[in-house]
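As written, the chains take the letters A, B, C and D, and residue 1 is the first residue of each chain.
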């Protein structure tokens, strides 16, 4: 409730790090996890103590470690964001077909990725804006079509202040009926099978009304919506 | 024409080694070759001087060498006939899916295998006899369906003296329209696209009439049928 | 998350009668000997076993046939086993024969989330009967479906505690593709080393495909056809 | 049969304008630098290039874009290249974007003689438009077809004179699957060794997939995103 008294600006909310921290609570011991570019990448910094997860990068590595020390960069060791990385003990390297065999075959338990829009039936759009230059979908379409658990990490609204949680995506789709959970700067939401974003948690200091105002798709609001515990 | 004068027995013919020697003349420099069990295996002993071929065994090795010296057998190094083998310099080992990717993807230039029956349209039957115990097709169906060059190595007739070169196979098929060439104890024959075994060569001392008598399928006999040159 | 278990018995926890198993190996080369022994000592039965071969009478899958623990066998070649013959003839063993390459690719597909693919193998034969046919570039192909298993039992040469595997020689064969296709994949290895020991660049089966791993013991590694040449004098 | 050739120029003999090429690499990691340079120095054009990315403005496939030698690009992600953008907008470059996993699997399929397979990736999106849809276990999939190329240009770390290849780190990426799918596969390697030097058990691409091989020179191996952490003090 801090900041709530003199609040004339939009409600307090999480920053990108906060979103990543909240998502890290979803990790389970022994999971293999693919993190997309942007906010999802930050999740690797907040793995809870006592659990072990292995990060996969779809260009062909399991057991991705932190960035290398200065001067120790290896041009032959990068992640899917083309960043120089390191390999942890127990890592393995493989080709692109094997990498997506893991993903498509649901051996990777969790995918975290960003989105431009998510619909209340779990559709996701994150690769193309008509009229703007297309960069390509990379591995996103394979990831969203395959993963059993897909968490979208994104801001609740776009730069124009419009909701990114819609009843139907307006942008070209990356995948349909695939997103299970969404963590934004305002809330944690679950996509229910019968359509609708079920509000699970509020960001610290954020009111249900703020979330309602920022959500264009159907929002299911339980009687009690706890505040996120970021520990 | 030796043996032809006092010939009361069936015409002279090649033994299994002779068939293998004749087939070895079909090898071309740089080819990757898969040899089936039985007569085909013998072909490896007669690779012509000056050419280099690499033998593939479908259980997962390229660059198969000769049997190991006594006492040097390795239980972890066998061929598809479950025989202990060696690996030559330049060999590579791979899994079964990769092995058949090579075969199905036509990276292996020649397959030599045995048959119970071949039809004059190139059908082959070599895996099952109704009423007898089925052992399974192993890799034969993949090999015949995929290879660009398939040479069948077999006796011209079965133990009952019946022709194995038929207008239609009577046994369950291994593959259809796939056999290109047949080398038997009596002859070399080519399967023509418009159906029919074209007689290319006679085994030493064997007469065209002998071949005709032993061939049940349509036989196309050119004016001149040279005798095999086994060098 | 501990993947390492003590032995085959611990590794097979949850394996119940009626389940479908994949077992790596070609002939007796690269078979999961310890797991097979543990199964033979159990009262688990009515198994569907997917394996390229069915062992010999007194070794490999032959042990499970002898004890009548196998209800159905999916294989490409089963010609080395008299017990197999008996049970197939008396109708107690169901048998599905699959071309070897299709078997391998169907396992890989099962592990890779590819539900079905077209292959030319078996077209025009009884293998193709009842299957969808489609021509590509004028060549007929049949549609084959992925195979998966409740448990995949594989054997590797070396493995680490994260489940990374390295096979030796042609003992590799079906093991890597079956490792991919098991809902629970159990790897038995001749030598188990701590994670970080193996070169990440030289892993045959990445640990993500392996749920349980143990160091096996008393490997017989029988040779089916001991072929040699004499030493030159 | 000699697979070893002197250099990229010799390796590309027979590569003509209008052909379809596959080029290994992910970003600038593991790209066939020598072959790309040789192509840039040639007057070959109107190429269809299949590659996960399209290089950057002054390196990798960007060099061939700059010289307008590419007519069509088949890729999954092309976001690092302003020249690419210009040519796509002015209509001189045709672009086909494919999900990365489908791209990899389609190349493997091309090399493995699998003409088509079902995958869930792209269903319900524009990638799936016009493609056959079929549900397996209640989940919709689309039918994707194999890709092959007149030439596949791959880069490995070490190779031998029989064409066996070993890649280093994540420079492996698309190289092994593209090596399988080229009618002529050219491998450039950082170190070329005599056949028999490499451990047969540790080959990533068996020589059967490689028709020509040479030791490259002057590898730049550019880093796109140099990310580091400071040394602990």
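Keep this in mind: a residue touches a chain if its C-beta (ideal position, glycine included) is under 8 Å from a C-beta of that chain, and two chains touch if they have at least 3 such contacts.
All of these numbers come straight from a predicted model, not from anything done at the bench.
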| item | value |
| --- | --- |
| Target chain D, source chain A, minimum contact steps | 1 |
| Centroid-based (C-alpha) most distant chain relative to chain A | B |
| Pair of chains joined by more contacts [C-beta pairs], B-D or B-C | B-C |
| Distance between chain centroids, defined by C-alpha means - chain C, chain D (Å) | 33 |
| Gap in Å, rounded to a whole number, between the CA centres of chain C and chain B | 29 |
| Separation of mean Cα positions, chain C and chain A [Å, integer] | 37 |
| Touching two or more other chains - residue numbers and ranges from chain C | 105, 108, 112-114, 119-120, 168-169, 201 |
| Touching two or more other chains - residue numbers and ranges from chain B | 61, 87, 93-94, 97, 100-101, 103-104, 146 |
| Pairwise touch network: line, ring, star, complete, or other | other |
| Which chain pairs touch, all of them | A-C, A-D, B-C, B-D, C-D |
| Parts of chain C lying in touch with chain B, wherever the complex brings them together | 26-30, 52, 75-80, 85, 88-89, 95, 97, 99-105, 107-108, 119-127, 157, 168-177, 204, 221-231 |
| Chain D-facing residues of chain A, complex | 57-61, 66-85, 87, 93-97, 99-101, 103-104, 123, 133-142, 145-146, 172-177 |
| Touching residues on chain C, where the partner in the complex is chain A | 1, 108, 110-114, 160-162, 164, 180, 194-196, 200-201, 203, 206-209 |
| Complex contact set, residues of chain A against chain C | 29-30, 32, 51-52, 54, 56, 61-63, 87-94, 97-98, 100-108, 146 |
| Of chain D, residues touching chain C in the complex | 105, 109, 112-120, 134, 136-137, 141, 145, 166-169, 201-202 |
